[in-house]
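Attaching a single structure in C-alpha cells format; questions to follow.
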Amino acid sequence: MAARLDVPRIRKDFPILARTVRDDRPLVYLDSAATSQKPTAVLDAERAFYETSNAAVHRGAHQLAEEATDAYEDARSAIAGFVGARSEDIVFTKNATEGLNLAAYAFSNGTDKSRQGHSIDPRFVVGPGDSIVVTEMEHHANLIPWQELCAKTGAELRWIGVDDDGRLRREDFGLIDATTKAVSVVHQSNILGTLNPVEEIMAQARSVGAVGIVDACQSIPHMSVDVVDLGADLVAWSGHKMLGPTGIGLLWGRTEILEAMPPFLTGGSMIETVFMESSTFAPPPQKFEAGVPMVAQAVGLGAAVRYLEDVGMASIADHEHELTGYALAQLSQLPGVRIIGPTDNVDRGSAISFVVDGLHPHDVGQVLDDRGVAVRVGHHCAWPTCRRFAVPATTRLSTYLYNDTTDIDAAVEGIVAAQEFFGVA
Amino acid sequence: MSSNVESLYQEIILDHYKHPRGSGALAGASGESHQVNPTCGDEVTVGVDLDESGHVHVGYEGQGCSISQASASVMSELVEGATLADMAKAERAFVELMHSKGNAEPDEEVLGDGVAFVGVAKYPARIKCALLPWMALQDARLKAGIEIDKAEG
Amino acid sequence: MAARLDVPRIRKDFPILARTVRDDRPLVYLDSAATSQKPTAVLDAERAFYETSNAAVHRGAHQLAEEATDAYEDARSAIAGFVGARSEDIVFTKNATEGLNLAAYAFSNGTDKSRQGHSIDPRFVVGPGDSIVVTEMEHHANLIPWQELCAKTGAELRWIGVDDDGRLRREDFGLIDATTKAVSVVHQSNILGTLNPVEEIMAQARSVGAVGIVDACQSIPHMSVDVVDLGADLVAWSGHKMLGPTGIGLLWGRTEILEAMPPFLTGGSMIETVFMESSTFAPPPQKFEAGVPMVAQAVGLGAAVRYLEDVGMASIADHEHELTGYALAQLSQLPGVRIIGPTDNVDRGSAISFVVDGLHPHDVGQVLDDRGVAVRVGHHCAWPTCRRFAVPATTRLSTYLYNDTTDIDAAVEGIVAAQEFFGVA
Amino acid sequence: MSSNVESLYQEIILDHYKHPRGSGALAGASGESHQVNPTCGDEVTVGVDLDESGHVHVGYEGQGCSISQASASVMSELVEGATLADMAKAERAFVELMHSKGNAEPDEEVLGDGVAFVGVAKYPARIKCALLPWMALQDARLKAGIEIDKAEG
C-alpha cells in the first residue's frame, strides 16, 4: 500500500480550489475527467519560461533558443520517463484528439499516396474489404476519426459492444480478424469508468497484423501506466487532464511504427530537405511536430509530471480507488439513482455516471452547481454509449488527487436536494 | 435551495414540465423540424401548419431537461391557434428574453407563461435548452413556407 | 502619422528583455519573426484564467465552465475585431501550420469522400489535370501541405517565381488559370521581408473559381490588416508571433467557405449528432475545433490583441517602417554585406536577410550571439527561397514594437566584429 | 571578442576552415553518403574505401559553416590512411567529445586537431555542425560494408 495522500496539503497547491462560486459556496470540483485543475508549480514553470527563455525551439543559434530547446526537450524526457518510454517516441500534440486523428490520417494519407504510386508501408493502406475496430464506449475523439477514415476509403467500421454492466462484450473480440487494419480502444472510459483489458485486445490486434491504438486519456492521469507494456503501437492522451496546461497532448508510438507512418501536419521543423517539387522528412518525433510547437505548455506539463511523481502515482491511484468505492456505496444507497457503468469497484476508474428517476441530468447538475458542486452533465462526448444504455444523458462525478469524501458527500446531498426540489424523492 | 435556482425553476416552469400542454405530433403538419442540443442530447420535433383562416397549429414531441420541455409546452400554448402576427411577436419576444442576461421585464401580454423564463437567461448553458423548441418552430415554419415578415406587413 | 512609440516604456512590459545573456551582455532580441516576446499583461491573463475559471469549455453546466466558455469566446471576439472579422469566422488552431494544413486537407478529404460517393462541394475535389499555385517564397508551412496534396491526388503544383530584388514575378501570375483549384500565397515573406500584392493575386484566384488562401503570419502582427479586404477565402496566422502564448494560431474563413469545407480534425465538440455508424457536424467555427481547445492560450492571445490595440497598430507599423529604413541603410553601408530581399523600404516588412562575403551565416550569428544579439541563421523554413538566391542560408534581423535603433546598431557592430574576427573585413 | 567565442573558434579550427586538408571527392569510393543539417542547410558528402592492406581512404565535399567545414577537414586528416581500428577510435572519441558539454579532456593521441573542438560542445546548435561529416562517414562506411566492431575484435 502506497503512502496516503495529504489532501488538505495538496489542495493548497491549487489556487482555484480556494475560490467560491454562486452565492459564496465553496467550490467542490468533481469534473476532473473533463479537465483537471493546475497546481502553482505548473503555472510558475510556464511563467518562468516566458520570462527567461522564450524563443523558437530547434531553430535558433542564440542563447535563448538553446535554453528554450533544452526546456522543451527536458519536458519531453520527463514525460517519457513518466510513462516508461523513450523520449524519441513521444510526440507533442495539441490535445489527445489531434493524436488520435494523427493515427487515423496515417491510413488515409497512406492510402492516397499508395494509389498515386508512392511507396507506403502496406499496413497503412486500406480499402473496401478491410475493417477498423473500435468499441461502443469510445469518446467521440476515438470514433469519428475512424468513421471519417471509413468514409474516405470504403473500409468497414466495426465495434465491440458493451454489456449491461458497462463492460466490453468479450464475445465481440472476434470482430478483430484478418480483414482488420486498425484496432483503437479506450483504456478507461470517460463516461462509464470501465478499465478495459487493452493488453488482451492489443495482443489480438497484433496477432492479425493490425495497428493497435489506445486512448489513454483517462488512465495515464490517474494510475501508473507503462505505455510499452500495453502492447499497443500508438497511445494518445491529453496534458490538460493530468495537471498540465490546456493546449497540449501526447502521442507515444513504437519507434518502428512512427518511422513507418506517413507524416500528418507538414511544414517547418519536420523536414530534412525541401525543394519546390518535393521534400523529405525528419525522423520522429520531429516528423510529427510541424510549426512552432506548444513550448511553454510542454514545459508546464513537464512540471505537472514532476508534481505527480512527487506525490506518487501509486498513492494517487489508491486514494482515488478508495474514493470511488465510497462514492459507489453512497450513490447505491440513494433511492431512484441508477449508476451507468460498473457498480463494483474493480477494474474501474473514478468517473461515475448516473441517472436519477424522474429527473433530467441537466436539472440534477443545475441544483448541484447551485450548491457549488461542479459536475458534468450530458453525453460526455460518448453519445453512442448513452444510446446503448437508453439514456439521453447522464450526470458524472469524477475525482482527482485533490478530492476527498467530503466532496462526495456534498454531491450526494445535492442529489437528494434535487430530488426533493423536483418532488421526485 | 438558493434564490438563484428558484428564480431559474419558477413554479410555472415546473408545472409545464410536469404537465406539458399540447404535446404530441401534429398530424398532417406542412413543416416539421427535429432539433438537438449537441451538448446534452436534448431533442425536440416540432410540426407546424397554417389553416385557411390564417391560424397556426403546432405539435411537438421530445425528450430533455425541465427547461427544454417546459419551453416546448409554453410555446405550444402561445402559438397553437394564434394568428401569424401573434406567433411572430411571441417568437421575437422569447428570443429577445433569452438574450437579456436576466435583466429584461418581459411582457406577459405577449409571452404568457413564457415570462417565467426570465431567470433562465442568466444561465448560458440553459438558454440553448429554452430556445430549442423555438428554433424547431422557426425551422419548421420556414420549411412550410410560412414567413413571419409577410404576416406582419 | 500615428503617435510615436515610447519604446523604453514598452520594454518595461516585457520582463525577458531585462535579462542578460552570455557573459552578462544585455539581451538584444532581433528574432521576433520566429516568435515574439510576451508582455506581462498576457502572462497575467493566462494565469488569472487558470487560477479562477479553468474548466472545459462548451461542455459543462457549472459556473466555472460558464466562465471559461465566456473567457474563450470573448478572446475570439477580441481577435475577430482586431482583424475586422466576425467571431463566427475565426477558428482557433495550435499554430499557423495547422491552419494551412486544415486548408490543404479540405481538398484531400473532399476528394476522398467524393470518390466514395459522398456529396462534396466540387471546389474541394481535385485530381490530375488540376493545379495548385503557390510562390517560390513560401514558408515550408505553406508549401509542403500543398506538395502533399499533389502527391495524394495527382494534381500539379505550380509556383510564381521570385525576381532578383525579392519580388514576385508578375509575369507568372498567369499560372493561375482555369485548371487552378487553390492559390496559397504568403502575405509578407518571413525570409525576404517582401510584402506581396495578395489582393491582386486573390482577385485572380477568384476570377478562375479557385479557393484563395493567404499566409498572414508576418503581416498581421506588424500592421493593421483587415482579413476581409484581402479578398481571400481563408487566412492563417500565428498567435505566438503577435505577443500571444505559444500553442495558438488562427484561421479566418469566409462564412460560406467554412460551411462548405469538410471537417479536418474530428472528435468531441465539433459534432451535431453521433451514432456508431456516422455523425453530423456542428456549424463553424466549432466544426474545426475538435477536442478540448487551447483555452488559456486563447485568453492570453485576447490580452495580446488588447495590448497591441492600446499601443496602436498604425504606430507599430510606422515605428517598424522607420526602423527597417534605418537597418537597410546601415547594412548597405557595410562592405561585403549583401541583402537578400528588397533593399528599398517599400512594400516590405521588418525582416531583413543578408549574407556576408566569406562568412557563413552560422558564424555571423555566433559572433552576434556572443555579443548578446539574438538573430536567426539558416534557411528560415524557406529553403527553396535560399536556393533561388544561391545561398545556403542567411542571417536575419527582425524587429517588433520593443526594438529601436540601438538594437540595429548592436547588430551592425557585431557584423563588423565578425568580419574582423574571421579576417574577411 | 569574448573568451567564449574564442574557445569555440580556436585557431586550429579557423585554420582548417581556411585551409581545408584533403578536400575533394574520393574517386571509386565503395560507400558514399550525403548528409544535411536541416536547420541551417549545411551539406557534406563523404566517400570512403578500404584498401587491400586494411587502410581507410576518404574524400569529402561540402558547404557550410566554419565548424562543419573544419570538422570535415580534421576528419579527413585523422581517417585518411588510418587502420580500421584507428578510424573507429577517432570516430568514437569525437562523438563522445561532442556530447561532453565542453567538460572533456580529449586525447590528442587519438583526436589530433580534433581536440580543438572541445569548445563546440558547449553550443548545442553547433554540435550538429561538427558531427555532420562524421555522421556522413559512419553512413558511408556502413554502405560500403565496413564494420567497426569487427575491426576492433
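Letters A, B, C and D mark the chains in the order given here, with residues in each chain numbered from 1 onward.
Criterion: contacts are C-beta pairs under 8 Å (C-beta built on N, C-alpha and C of every residue); 3 or more make two chains touch, one makes a residue touch a chain.
Just so it is clear, the model here is predicted, and its values are computed rather than measured.
Chemist: Steps needed, at minimum, to get from chain A to chain D via touching chains?
Modeler: Steps on the shortest route: 1.
Chemist: At what distance in angstrom does the C-alpha mean of chain C lie from that of chain B?
Modeler: 45
Chemist: Report, in whole Å, the distance between the mean C-alpha point of chain A and the mean C-alpha point of chain C.
Modeler: So the centroids are 30 Å from each other.
Chemist: Centroid from C-alpha atoms only, then distance chain A to chain B, rounded to Å. What do you get?
Modeler: Chain centres of chain A and chain B, defined by C-alpha means, are spaced 38 Å apart.
Chemist: Give me the residues of chain B that touch two or more other chains.
Modeler: Residues 39-40, 123, 125-126.
Chemist: For chain C, jot down the residues that touch at least 2 other chains.
Modeler: Residues 22, 59-61, 65, 271, 273, 362, 366, 377-379, 383 of chain C touch two or more partner chains.
Chemist: On the basis of the stated criterion, which chains touch which? Give every pair.
Modeler: The list of touching pairs comes to A-B, A-C, A-D, B-C, C-D.
Chemist: Over in the complex, which chain A residues touch chain B? Could you list them?
Modeler: So the residues of chain A touching chain B come out as 22-23, 360-363, 366-367, 370-371, 377-379, 383, 386, 392-393, 417, 421-422.
Chemist: Over in the complex, which chain A residues touch chain D? Could you list them?
Modeler: 58-61, 65-66, 69-70, 271-273, 282
Chemist: Can you list the residues on chain D that touch chain C in the complex?
Modeler: 1-5, 8-9, 14, 39-43, 63-67, 69, 123, 126, 129
Chemist: Can you list the chain B residues touching chain C in their complex?
Modeler: Answer in residue numbers: 36, 38-40, 123-126.
Chemist: Residues of chain C touching chain A in their complex?
Modeler: Residues 15-16, 19, 21-22, 27, 29, 31, 34-35, 37-38, 43, 46-47, 50-56, 59-65, 94-98, 100-101, 108-109, 112-113, 116, 118, 136, 139-145, 147-148, 151-154, 157, 159, 238, 240, 245-249, 263, 265-271, 273-279, 290-297, 362, 365-366, 368-369, 373-379, 381, 383-384, 387 of chain C touch chain A in their complex.
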